[in-house]
Amino acid sequence: MTYQEVLEQARGAMGPYCKACPVCNGLACRNTVPGPGAKGIGTGFIRNYQKWQELCVNMDTICENKPVDTSFTLFGRTVDLPVFAAPVGAMTLHYGDKYNDLAYNDILVAACAEAGIAAFTGDGTDPAVMEGAAAAIAKNGGCGVPTVKPWNLETIRQKMDLVKAADPFAIAMDIDAAGLPFLKGLNPPAGSKTVSELREIIEYVKVPFIIKGIMTVKGAQKALEAGAAGIVVSNHGGRVQDGVPATASVLPAITQAVKGQMVVLVDGGIRTGVDVCKALALGADACILARPYVTAVYGGQAEGVKVLTDKLKGELQDTMAMCGVHSLSEISGDMIFRG
Amino acid sequence: MTYQEVLEQARGAMGPYCKACPVCNGLACRNTVPGPGAKGIGTGFIRNYQKWQELCVNMDTICENKPVDTSFTLFGRTVDLPVFAAPVGAMTLHYGDKYNDLAYNDILVAACAEAGIAAFTGDGTDPAVMEGAAAAIAKNGGCGVPTVKPWNLETIRQKMDLVKAADPFAIAMDIDAAGLPFLKGLNPPAGSKTVSELREIIEYVKVPFIIKGIMTVKGAQKALEAGAAGIVVSNHGGRVQDGVPATASVLPAITQAVKGQMVVLVDGGIRTGVDVCKALALGADACILARPYVTAVYGGQAEGVKVLTDKLKGELQDTMAMCGVHSLSEISGDMIFRG
Amino acid sequence: MTYQEVLEQARGAMGPYCKACPVCNGLACRNTVPGPGAKGIGTGFIRNYQKWQELCVNMDTICENKPVDTSFTLFGRTVDLPVFAAPVGAMTLHYGDKYNDLAYNDILVAACAEAGIAAFTGDGTDPAVMEGAAAAIAKNGGCGVPTVKPWNLETIRQKMDLVKAADPFAIAMDIDAAGLPFLKGLNPPAGSKTVSELREIIEYVKVPFIIKGIMTVKGAQKALEAGAAGIVVSNHGGRVQDGVPATASVLPAITQAVKGQMVVLVDGGIRTGVDVCKALALGADACILARPYVTAVYGGQAEGVKVLTDKLKGELQDTMAMCGVHSLSEISGDMIFRG
Amino acid sequence: MTYQEVLEQARGAMGPYCKACPVCNGLACRNTVPGPGAKGIGTGFIRNYQKWQELCVNMDTICENKPVDTSFTLFGRTVDLPVFAAPVGAMTLHYGDKYNDLAYNDILVAACAEAGIAAFTGDGTDPAVMEGAAAAIAKNGGCGVPTVKPWNLETIRQKMDLVKAADPFAIAMDIDAAGLPFLKGLNPPAGSKTVSELREIIEYVKVPFIIKGIMTVKGAQKALEAGAAGIVVSNHGGRVQDGVPATASVLPAITQAVKGQMVVLVDGGIRTGVDVCKALALGADACILARPYVTAVYGGQAEGVKVLTDKLKGELQDTMAMCGVHSLSEISGDMIFRG
């Protein structure tokens, strides 16, 4: 199965909103929520994608001809490349009847583990979603990052107990989910958390904790103060707020501010191994991809996930080779062309 | 009634020129005057809209989860959100036969008061227009800002006497109306005013006076010197002069120059509560929307106005929550992303 | 006759290449030479037009309400507004059979004089063209600027003798015509001139001499050194060289360098009185329009020229009024919005 | 035969991918590899083209009227203009059945020599390709630059022996070919080379050696250290890596860094003599064009090559004349307009 075939299989199978476009750039879906689009008039998603395209890499063609190593270790877990599949939820709402949250997470967690990476899993108001995710992660030797929404503290504590039992190498919370239009007024209620509330949760969890949805240096510092082991620089693909900067635009200042003190992941508009290389050159430790992995699952289940992951790895390897670096630790800001 | 339905109802009901576009950005109507377009080749309207889209907000997702208060007080009158409907006139000329100026103002003033905001009312060569506006404002407990065109001083004095009797919380003058193509050569004659002429008018009026149509620091300082209580940073939606900067482009320098000395409102291309939040972050006290309220009235009368206002309020609340601020006074320039 | 009707009449009457587009911006005709387009891939014309659109004016709406005076005096000749019609030649080649050079110049010179401005006249390899132009200028009391191509010195001297007899208020040379594709290899031969060759010509002429086709400070200084009374900042509408900057881009440095020492005119993409006002704000003394006057002649002969000129004058007056200036001498660089 | 006719003849004759577009700018072919497109989503090709279009030249119209000399000498070989045809290979893969590598090189080398320039020749896994190229160069008096791919050292040595016998005035290596998707896993294997490996090759060759595929100052300095006589600033037309800067963007820093120490050629998106002049103004010694010469061969064989070369020469002459320079040595950075 080629990546082209994955896309073709996905078309028509992703509900009424997502077209599995040749280039997933936020233009065709714009403001379709429910659906894969972004909030408001959809500028967040579009900007995310475009900013990566504006960045250029410096080739270094005179160098040793040797293999490129893309392996990456996060909190003791080593993956083949610095890429993770994102947590996605409310699958039937956004992507039609083919998979519900349980089925999707079940396919994704196993497929990512087989493909040499790991998946973040989504959450939902139905407790069965997180139960299924925890089971899938447990079944795959802890290879997955359960991502809990910012519910009230009691609900969080219950979910934390549940997912810790799956022995994941990290647990995450998408703190910005309070802005999701379809989460409004649901039960249990979700909402922002203060530094002290987060600290309480993190101390309770005792597993490396990742806060997803940080877009400023100030936010990163709060996450650090709360005791997070890592953050995801993310605007939730533009789905929690319109008129936000691209993640690639805010990433450099954030990585510089918290360098060496916590892990920095980034998502938003990352589509190829070239983009992954650029993100690492801007200081990120690894990348998270959401919509491409959704399309991969709908277009080819486990095989789709493998095809996409292999494509990303190949592009990352090629880019590193053409830029004269052979391991992730050699990637630096010098690789980005500055006007 | 949803906002989508308001737009659909408005389509076909707004005369031969306005299409009630899904996004009201000046591209489809360009230089249609008469009609909703802008003067010359229509760059003023287009620029106004686009500049807000270029601005991005900084999310602050780690914060207390508490209600957002959008209430705003202007010259003693408190409204639910810092938004006003703009003065619009010559309705049949620009928007067809459905409503004349009297009917439009009558619907708008009451609908805005019911929706928790207030309307500015338009003026016309026919004295009945301002008489009707004054009556509508009086009927709604002074909840409205009559806006008088810059006629000759005698006409202005008559109109001021008329509108003061309605006990509005402010009176405005669109000083830039001298540039409206369709006002040329009409009777009574309209034209620019000097600082001393404006001072004379303002001293006569003895009600908080707002000068609309200021695009430079120099202009704001003249308004201050004339004794105005407030200004509207406005290029009249691009309708008085082609080739003008966006209001969002000139706003920051103006708000900084007159900070604390007068109220600064802004209009031009503001379409969502996200835009309202950006305008306040640039130093404005509140926003005025023109074309969206016209469409709301034509598409749903009072209910259309309510639907639009609720939409704006929701978007403003969401944006403030995602940016970690919970009252208008917490909004600052730090909320705008600077490259 | 309205300007819209002039355009409609012109459509279909301007040969196979010119479409008399609603907006004459170089996009539809791109690289049509012969025809109204520009050389190469046509970027020169497009850039000229676009740069004026990028510039914005600062409104000054609080000012005295008094008439605006647009009158302009050049070398003793006073015109109603600082606008001239450009020299255009080879009419049948570029614009079809309707008018040859003689007929075109004959209509244009008289029509411009009647409309309150003056025309520059074009030149051709056929001596009858300049003879006709000289006759037309003489018939209209010297109201015209014969523009001689940079032929060999002997031809120039003959043409100068001829046109001086028409008693024009100035004589011009389009020094950049050497780059016109269709002039290559014709007889008499045309080509660049040195400072000393130009000085010799200028001293021979003894009439205020204008060098057209200057795009740099260095070029302006050479013109000054040669004794020119004026220059036209011009890239010949993009027709002599592809890949040139917009005239509006190079104008400010040039006007600043030769300020007070010579007259500076400018052409290239100027379409409205708003553009004229911007050009003056950048330091130009007056503007020259080429393609719009061609369209005006083909669409309405003398009446077309009058309609266009009145439109330009009205736009210039409106812009000046909205910017708070009432005579050309009050226009300054402060009128341009600087980011 | 006109250039227009060359393009028309080429259309339909260039395989399933190349459309011989009126403007060859990377938009229609984007990511078609095999085919004439670029790697990934094809931004490298598009950027190359666009950057030249952004650059503007300063006209200098007051100057001596004398002939323009475009002749250029490289390593003792004088050509009519500073332009070379690029090495291209795998013709049937990318451009269909009309010509294989041998036939293409055979036509190109002779045609370029006749047209007054010289061709670089491509390489392939089949040894016959380089044998044919060497024979063609020998037959044309050494007028050609055989370009060897970065194979393993043994293969390179054999190919060097072969091509030296043709007595070319220079030998090149496209060091960046390691990134070509279709070269992966072929035999002999190709890959990057270190400075010391290149030095060994260069010392072995004893003919002026050109390294093609340099995009940074660091890369140019490595080439210099390895003993190269020249470099080609090139991203292989975007075909070895996506997300690279335009060659015109990186050229100035590179030419400045190695000025006077080695020859600097440049390729990528150069389409006209105006572009050639801009490249020289940025410090390049000469230009290489790939796709246009492919189209010329497919559309008109030797005559097509002559027509394209004459067109480039005429455009270069015109541009130099309009900019007031009459030999290549007079071209300088002052010719580029700086905002």
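Which chain is which? They are A, B, C and D, in the order written, and residues in each are numbered from 1.
The working rule: a residue touches a chain if its C-beta (ideal position, glycine included) is under 8 Å from a C-beta of that chain, and two chains touch if they have at least 3 such contacts.
Owing to the predicted nature of the structure, the values given are computational and were not obtained by experimental measurement.
Participant: With chain centres set to the mean of the C-alpha atoms, which chain is at the far end from chain C?
Facilitator: A
Participant: Copies chain A and chain D touch; is their interface built from the same residue numbers (over half shared) or different ones?
Facilitator: different
Participant: Nearest whole angstrom, what separates the Cα centre of chain A from the Cα centre of chain C?
Facilitator: Averaging C-alpha atoms per chain gives centres 59 Å apart.
Participant: I'd like to verify one number: the distance from the centre of chain B to the centre of chain C, where each centre is the average of its C-alpha atoms, in whole angstrom.
Facilitator: 42
Participant: Identify all positions of chain D at which a residue touches two or more other chains, and write them in rising order.
Facilitator: Touching at least two other chains: none.
Participant: May I ask you to sort the chain touch graph into line, ring, star, complete or other?
Facilitator: ring
Participant: Pairs of chains that touch, anyone?
Facilitator: Pairs of chains that touch one another: A-B, A-D, B-C, C-D.
Participant: Show which residues of chain C lie in contact with chain D when the two form their complex.
Facilitator: Checking each residue of chain C against chain D gives 40-41, 43, 47, 175-176, 178-179, 191-195, 198, 211, 213-216, 218-219, 222-223, 226, 235, 240-245, 249-250.
Participant: So in the complex, the part of chain A that touches chain D is made up of which residues?
Facilitator: That would be residues 23, 53, 55-65, 272, 274-275, 278, 315, 318-319, 321-324, 337, 339 of chain A.
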